[in-house]
Amino acid sequence: MQTENYLIRKPSLEKLFNDLIGGGKTIYAPKAKGDLALFSDVKTYSDITEDYIVTANSAKLVVFPRTEKLFSYHKSKEKTEITDAAGSTFPDVVLWGTRPCDAAAFIPLTDTFNGDYKDIIFNNRRERVFLISFSCSRSDEYCFCTSVNSGPGNTSGSDILFTKLSGGDYLAEVITPKGQLLVSENSDLFETKSEEDKEQQLAVVATRFNQVEIQAKLQNLFENPVWDDKSRACLGCGSCAYVCPVCSCFDIQDEAHGNKGTRLRCWDSCGFGLFTLHTSGHNPRETQGARWRQRILHKFLYVPNKSKIAGCVGCGRCSRSCPADINILDTLTSL
Amino acid sequence: MSNQNIYIPYLMRIEKITLEAPGVKTFRLKFENEEDAETFSFKAGQFGEYSIMGVGESTFCIASSPTRKGYIECTFRQAGKVTSALALAEEGDVVGFRGPYGNTFPLDAWKGKSLLFIAGGIALPPMRCVIWNALDTRENFKDITIVYGAKSVDDLVYKDELAEWRSRPDVKLVTTVDPGGETPDWKGEIGFVPMVLEKTAPSSENTIAIVCGPPIMIKFTFPVLEKLGFTEENIYTTLENRMKCGFGKCGRCNVGEVYVCKDGPVFSYEQLKLLPAEY
Amino acid sequence: MSELIKKAAALLESKSVQVVIGYGKGTGNRTRTIFATQVTECENLIFDSRCVQNLAVYLTKLEIKKLGKPAIVAPVPVLRSILQLAVENQITESDLVILGITSESELIDFESFAAIETFLTTHKIEIEEKYTKTIDAIKAMPVAERFAYWVKELESCFKCYACRGACPLCYCTRCTVDDNQPQWISVASHPLGNLEWHIMRAMHLAGRCTDCEACYNACPMGIPIHLLTKSMLQDVADNFGSYGPSLDKQNTLSSFKPDDKESFIR
């Protein structure tokens, strides 16, 4: 649909928030914790922080929780019964304060969980998520959204995108029919379109590389010293993958309590040595360098070869959170 | 199918357990739900996720032939968490099965050709599916040769079926054990599979070679096959990598860009040569 | 730190070591570990107050061991970890060259692990008051409240294991949490699984942790997990009289002496 522009006054934001809460929505919004902002289940508007470039954790947790029940079972002597978790009631979630990069991440994430095997638990959750994103007026050296076809005011993935204008009010770009519905339900809060220039309000994020060139280079870079060189300080943790809004690798684990139990989907990371370890002891990705290569190739070669877009939205979370200061841009720009 | 939860397994009752070799068992599994038994179908080379509720899932091939309806069989070696729990299961117990997943051996395209099967140790099960499929449609193929080896006589799996194949006039079976693995009454060959293959020297003319075994066996078998005149596109194998989902989402079985679970597990040597060493 | 650079370069030049593990400039205001294998790379070595990552973690990493014998830039927290690794027989004196740095940023040589221990007697681990106050307040809570406090604090943990990765003493080739026969600890990141992991981690470090705070610094969610290990340090001191690595005394909780006063072990 054609994007429609409105103006929303600053005080109306709180009213919108309260209306959504009053309407039974679960709202995830950035909440301060020490120096960090974390997407958290927020009930009170004043708990929301505006002081963040991106949150430390990613918004994927609302569609791809770190632990997801796939089904539960009950075993007895005579029979085993399975209760499908897809039949559960999933919450209506509003993501409030996602950045354009966060919103863009829902596109590759949704691709992964669909295709010829559709993950209905993911889809059930996704359908119930409404994205109210806020454009970026600030960026830092870890941001590179503009290098992966996004940008500080990009609308893709969001239902509504707010951009703070010089007077303190917000431009509201309504991107989807879901967004349009919200506007019509709260028409008193949305005024006729603003003429103010959105671009002036946006952070400047320099283009750091050309994604198509990177993709072409990676085609023949499987055996290259860069992987070991750039991952030498890697501590083999899963921090980069777990804060990444696109990473979606998972493990399947059972938990039993007597004759009952559940099968769970849990986050997993290609950075862990155990990720690919065979029972025999053989490991196709034996070193941290091989694991770093997988991470880069997956995001910038395998995913784009398949679906044209990168498996990365340039939010920079992985680099910011890495305890060893391993920086994805550093690797990409040195290829 | 689109509104079904893809992680829900079929419930399968263990109809029969066969002890094949030390630590190696075959389960014959029947669908608990009659309807599932009717609608389920698979092709030679596909695999599944077998599970014990409360323990977890493990990946292995379907070892029975699609020509044998109403049940599936799997053969596994007790090694990790799930296979250890499976090994404790008894006849009549219920296990989970998701599948079939992956691509298949192109048996239709092999019609009119001879088939040479080369397997080592616990790698006979994925091949057994194809062997019985070929034998059950015997008129479609010319010569069928099987070269199978294991560490010791005890480690050979499907001993009854080996005897059956040996007695069939339309199958040529060569069995071998590693030096030192023989028993006093062993009548087969003694030596590693690639050497025995070279000695057997089957014709490569109009023949497809299907190889499955430990990496070291594969490594030494390919050169022998090339020496015997097999071309890359006429050599097939099946790969395995650690898997969780079986359908291209969990993200760990890929070899370069290729997902073993979806693009494989069956690959020709021609395809395999293009893949990076990540398996 | 021209002296550090000179020293590191000389070590590589003379082939006394094959790699120098030290601090270099990172992104933002951060520092980054550098692994200098060439003399010229030593020029990138820096040392200042931002150099807080515990480099001792690399001494037991397979990928780094492959580089050959290391020299390691070792401020006090790193020295403590090196000594503890020595106590646990993970390194020997001939394995590495230590480029010690005092709290006053002076270079200091150590001929032996014993010399490190002597040096550290004047640099005892001290838990800052802001922490002892917090710990005391938590300990004063009724059990239910204390439990709720930790469940809430650990709520944001998603088990990325950065705490484990950054810890020089988490060198196990297969961590208990990765064992699945039996599955001691839930793989899932839910309240129980998170509690299990952090209790296990703290307990495994009890009497071993040298209070470097690498775990806390590594946590992407800012969870104060160092309160657990600091509290364990206090408990060890309260029950066994001292803490901090010691070649002579070995590990407080896993060493046995005939004159131990406890009777359960006899």
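In order of appearance the chains are A, B and C, and numbering begins at 1 in each one.
The rule is simple: a residue touches a chain if its C-beta (ideal position, glycine included) is under 8 Å from a C-beta of that chain, and two chains touch if they have at least 3 such contacts.
Worth saying up front: this structure is predicted, and the values here are computed from it rather than measured.
> Of the chains present, which has its C-alpha mean closest to the combined C-alpha mean?
Here the chain at the core of the arrangement is A.
> Going by the average position of its CA atoms, which chain sits the greatest distance from chain B?
Centre of mass proxy via C-alpha means gives C as farthest from chain B.
> Measure off the straight-line distance from the CA centroid of chain B to the CA centroid of chain C, and report it in whole Å.
48
> Chain A to chain C: how many Å between their CA centres?
The separation of the two C-alpha centroids amounts to 32 Å.
> What is the distance, in whole Å, between the centres of chain A and chain B, each centre taken as the mean of its C-alpha atoms?
40
> Enumerate the residues of chain A that touch no fewer than two other chains.
Chain A, residues with two or more chain partners: 251, 253, 255.
> Quick check on chain B: which residues sit in contact with 2+ other chains?
80
> Please output the residues of chain B touching chain A within their complex, sorted ascending.
Spelled out, the residues of chain B in touch with chain A are 2-9, 11, 32, 51-57, 79-80, 83, 94, 215, 240-242, 244-245, 247-252, 254-257, 276, 278-279.
> Would you mind writing out the residues of chain B in touch with chain C in their complex?
Touching chain C: residues 80-81, 84 of chain B.
> Give every residue of chain A touching chain C within the complex, in rising order.
33-36, 38, 56-57, 66-67, 140-142, 228, 231-239, 241-243, 251, 253, 255, 264, 266-267, 269, 272, 274, 287-289, 319, 321, 323-325, 327, 330
> Along chain C, where are the residues that touch chain A in the complex?
26-28, 30-33, 35, 53, 57-58, 62-64, 156, 158-162, 164-166, 178, 186-190, 193, 214, 217-218, 220-222
> Using the touch definition up top, name the residues of chain C that touch chain B in the complex.
Those residues of chain C that touch chain B are 180-181, 183.
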